[in-house]
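Each chain gets a letter, A, B, C and D, in the order it is written, and its residues are counted from 1.
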Amino acid sequence: MEPGDFVEARRRLEAKARPGGVKLTSLTEAAGWVKDGDVVAIGGCCYSRTPLALLMEILRQERRGLTLARNLMCYEGEWFIAAQAVETVVSSWFAIGLPWGLSKVFRQAVEGGQVRYEEWSHLALGLRFRAGAMGVSFLPSLSMLGSDLMGVGSAKTMECPFTGETIALIPALFPDVAVLHVHRADRLGNCQIDGYPHMDVDIALASTTVLVTAEEIVSEEQIRSQPDRTKIPGFAVDALVEVPYGAFPHECYGLYEADFDHFDKYVAEGSSQGAEGVREYLDRYVYNTPDHKDYLSLFGAGTLDRKARDAQQLVGRG
Amino acid sequence: MEPGDFVEARRRLEAKARPGGVKLTSLTEAAGWVKDGDVVAIGGCCYSRTPLALLMEILRQERRGLTLARNLMCYEGEWFIAAQAVETVVSSWFAIGLPWGLSKVFRQAVEGGQVRYEEWSHLALGLRFRAGAMGVSFLPSLSMLGSDLMGVGSAKTMECPFTGETIALIPALFPDVAVLHVHRADRLGNCQIDGYPHMDVDIALASTTVLVTAEEIVSEEQIRSQPDRTKIPGFAVDALVEVPYGAFPHECYGLYEADFDHFDKYVAEGSSQGAEGVREYLDRYVYNTPDHKDYLSLFGAGTLDRKARDAQQLVGRG
Amino acid sequence: MSYSPAELLAVIAARQLAGVKSVFAGVGIPLLAAALAQKTHAPDLTIVVEGGSIGPELLPGRLPISTNEMRVAHRARVLPGITDTFLFAQRGFLEVGFVGGAQVDRFGNLNSSVVGSYDKPQVRLPGSGGANDIISLCHRVMVVTMHERRRFVPRVDFITSPGFLSGGTSRRDAGLLFGRVSQVVTNLGILGFDEESKAMRLEGLHPGVSVQDVVEMTGFDLLINDELPITEPPEEEELALLRGLDTERRFI
Amino acid sequence: MSYSPAELLAVIAARQLAGVKSVFAGVGIPLLAAALAQKTHAPDLTIVVEGGSIGPELLPGRLPISTNEMRVAHRARVLPGITDTFLFAQRGFLEVGFVGGAQVDRFGNLNSSVVGSYDKPQVRLPGSGGANDIISLCHRVMVVTMHERRRFVPRVDFITSPGFLSGGTSRRDAGLLFGRVSQVVTNLGILGFDEESKAMRLEGLHPGVSVQDVVEMTGFDLLINDELPITEPPEEEELALLRGLDTERRFI
């Protein structure tokens, strides 16, 4: 789909007859919605609320030619590069996190021309998702004006018909698939997110297909008892899977902190060795560990509980 | 300010040096921010969370030549017309509520040319506030296209540079003053709203000056304990007053239901008699009742408690 | 089985929602019709109300009288902002919308703004509210209204909510790429629009209503289908459910 | 009193926030500087972090390493979405922003995208993140960076974040009506920009640093003020507060 093509985006949504009922399914079936060549938008931000369980399942299903869109990419981006699953990355930032420096895998892939990096400013990418969520072709902004980022993607400038000033028009992004992790949802897909909402709501509304993992599937009564906490309406969701610790070792606000020791280990044993190192890591943690519980057991006894306590302390419930 | 003039709007905001500290003040001082001729945006919607205590104080201070902007106007609009305080109403709907039919006061004022009604679609007015909140001159939409509403206000059409389709450009509205009622705030003006958020957040961010009444001023600790419930940041607020039942006899989600018996009485004794009837009502309820507690006592013993119970039942806490 | 015109309207409108997944409904007959449909022909129906309520349930005896109050929030699943609620429709999530108006013309345009001219109105009406947005943004829209000659006018005084504008492709040409007025449900019959000209067309009659009755109550030349099926009258169960919702007979 | 270059940067940056009401700060030195300012020269300072956190407090020993994690949400007053957080800046609510970059040029443009060409980069850097937005949208922006010759280049390879572009009125001409790079705070001194040409200008030196030191570490011709005040060195209290925040010496 061309950037900003709200007409085609809406036609796809209308043609889809999104189911109105129960959305519960398995990780395997949920990930099965992703097709080769799709534009996949990833929720959360950097190492917060990354839908890792779903992303791992997408990797296991060996998709190819994907475009990944995420405002700040963390090491999940390295996984898709190492697995040769991604052709284009649409983002404003790609690394692992300050202490771990530049991403060697990313650098090699982009510098070598295997992966195209379409860079936007952080706000501009947010506005791309928001324009998509609003069902319009673009949103006006001052972001990116004058910078060389204007020449990278498909943003345009125009003279504002109200003020006569030059403004940037940031084109909508309508991903084929959104992949999100939330705190809780009812079986109809009404999703609640605690703490940082990041860009998940806009991503969900902008995408043709929406796949969600939730820490917990709760009763419809529970959702109805606090409807003002529901962020994503069920009618926007296609597939829903209960996956406790579905973002681990990334964090989930209030529930568990990121496991930075594992990040150190990932970088030392995997990422710092380049794509080959990452592939070895994937063999162990992803391809040979199809069940999320088995995957979690690799992090060592007590780690999950400790990270849960750390989270509670940070949000003032410790 | 011309519609869509985000440049002037931002200059006013920057020039203002909005205070960073405690925002607590009195109703009198808060209403004192409103000047003759101002564009005043009103929060809530119809008879929900209308900032009646603040609006009454603005009436007591005898402002003139106001423009009132609110997505759905209820009888507070009649008050300003009867008090000859308003020149223009910017809205998508103006009445009292279905059972009470057309507003006689409104009809007479608009049909007689004393008041100009600038009508927008409901979404378009929402987008005007949202464009203002975003600091841009307009937002694109399909709303109002083809209708005669396009000729009323200052909306424009253009050919979309991404799709070639005709789109509507809805110009930002930057009110001089926002008048809002919320559930709770800390003394710095960080505001939490339960239930329906209506358009209050966009109105707050779009306006040069923001006046807020809260049912309850709570500790900073309480706000910090649930930061994901805070809707309006303190830096957007200029004046804050604790006014329990500050929207009564309109409703406040979860706290009290609207007093429809009073609506009947208002229409029978006041509004159905035209502007003169409303002025008599204002004499009794507003001009001769400068203290909000005295005002509330006019509604009869037990009414407030009963309406609180009704509210709890509706939101499932009864 | 006796029933009021409002009950007939609500039952017929509810039947049009068979199999529908989402409906944008205002208070009164539309909300009752949607709630009735949910209990009968459309179990997966999500009701959306413009005040910002998704999936509410009606509390009998406490029916909402505005789209923005707690009564519409009762047992809701989501309470989004108003602007966001309309944007769900703009994005394409909402299938069917309900609208009404003081005037409707032969191209399905609606007027809820002014009788007379905009600047010097003879009657100033409340205004669009969400009607313009619903008719412009939902997949398809049903006009639900009493059938009166003063209401069914050749050309509305003011197009508050665009139907097919001046007919033909004029709606699409104005940039309204999606949606359409699919049906006009009245207390006399069911009307649609000619595929080409987009002129209003009588497509069905309610029990005991003649073509002549409809023509007399319509202020413009109506196209009339060759076949005019007679509506099945409201069933006992439908009426019982409806009356169980509006126990105070506020709207029916 | 001995201190590291990073400590010096944090203390000097904090002092520039005297009296400021709101700051858009990234993790590391900027966030430490903001927290220090709040405890010293700017008691009413509201700290805003791009992950969507307003008014957080740092938990010593648990400093955030990304702008989007719970550690930045600690004791926050508001947790808005990321897009909304940047829009606060676009609307004009945020006074001072902090940015950095791999390269900065004589017009204050920053590069955090690529060394070499965009399409065939010699080094692909992480990218803008929020830097482009902060420099485009806040009232004024402070570049905080180590002063190195390879970093202070005549012309950045790629303008990720626009300073004064090609100088003169070019920033405004591009549509950037608000904001400006007001200062460049380095470990050697404080720099500003000529009012007309917008070329970078040395305006102050840190203790023990000579003009020659700065010139040698700068890869382009620098304007130099006639008067070059010497920075007051970090005070004991400032350093103590700073070290009390970053107890692990993660950033200082």
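One rule holds for everything that comes next: a residue touches a chain if its C-beta (ideal position, glycine included) is under 8 Å from a C-beta of that chain, and two chains touch if they have at least 3 such contacts.
Predicted, not measured: the structure shown is a model, and the values here were computed from it.
Undergrad: Could you give the separation in Å between the centres of chain A and chain D, each centre being the mean of its C-alpha atoms?
TA: Computed from C-alpha means, the inter-chain centre distance equals 29 Å.
Undergrad: Determine the centre-to-centre distance between chain B and chain D, using the mean Cα coordinates as centres, and give it in whole Å.
TA: Here the centre of chain D sits 39 Å away from the centre of chain B.
Undergrad: Let me have the rounded angstrom distance from the C-alpha centre of chain C over to the C-alpha centre of chain D, please.
TA: So the centroids are 57 Å from each other.
Undergrad: Could you list the positions in chain D whose residues touch two or more of the other chains?
TA: 53, 73, 75, 79-80, 87, 90, 177-178, in rising order.
Undergrad: Which positions in chain B are in touch with at least two other chains?
TA: 7, 134-136, 141-142, 165, 167, 195-197, 224, 227-228, 316
Undergrad: When you draw the chains as points and link the ones that touch, which shape shows up: line, ring, star, complete, or other?
TA: It is other, because the touches fit no line, ring, star or complete pattern.
Undergrad: According to the definition of touch, which chains form touching pairs?
TA: A-B, A-C, A-D, B-C, B-D
Undergrad: Tell me, which parts of chain B touch chain C in their complex?
TA: For chain B paired with chain C, touching residues are 45-48, 71-72, 91-95, 97-99, 102-103, 106-107, 110-111, 113, 117, 119-124, 126-127, 129-130, 141-149, 151-152, 157, 165-168, 195-199, 201-202, 251, 253-254, 257-258, 260, 311, 314-316.
Undergrad: Inside the complex, what are the residues of chain D that reach chain A?
TA: Its residues touching chain A are 27-28, 50-53, 59, 62, 65-71, 73-75, 79-83, 86-87, 90, 113, 118, 120-133, 136-137, 158-162, 165, 170-171, 173-178, 250.
Undergrad: Touching residues of chain B toward chain A in the complex: what are they?
TA: By the definition above, chain B touches chain A via 2-7, 134-142, 154, 156, 158, 160-163, 165, 167, 169, 171-172, 194-197, 224-225, 227-228, 316.
Undergrad: Under the stated contact criterion, what part of chain B meets chain D in this complex?
TA: Per the stated touch rule, the residues are 7, 9-10, 13-14, 17-21, 132-136, 186, 188, 190, 205-206, 220, 223-224, 227-228, 230, 233-236.
Undergrad: Which stretch or stretches of chain C touch chain A in the complex?
TA: 21-22, 44-46, 53-55, 73, 75-80, 87-88, 90-93, 139, 177-178
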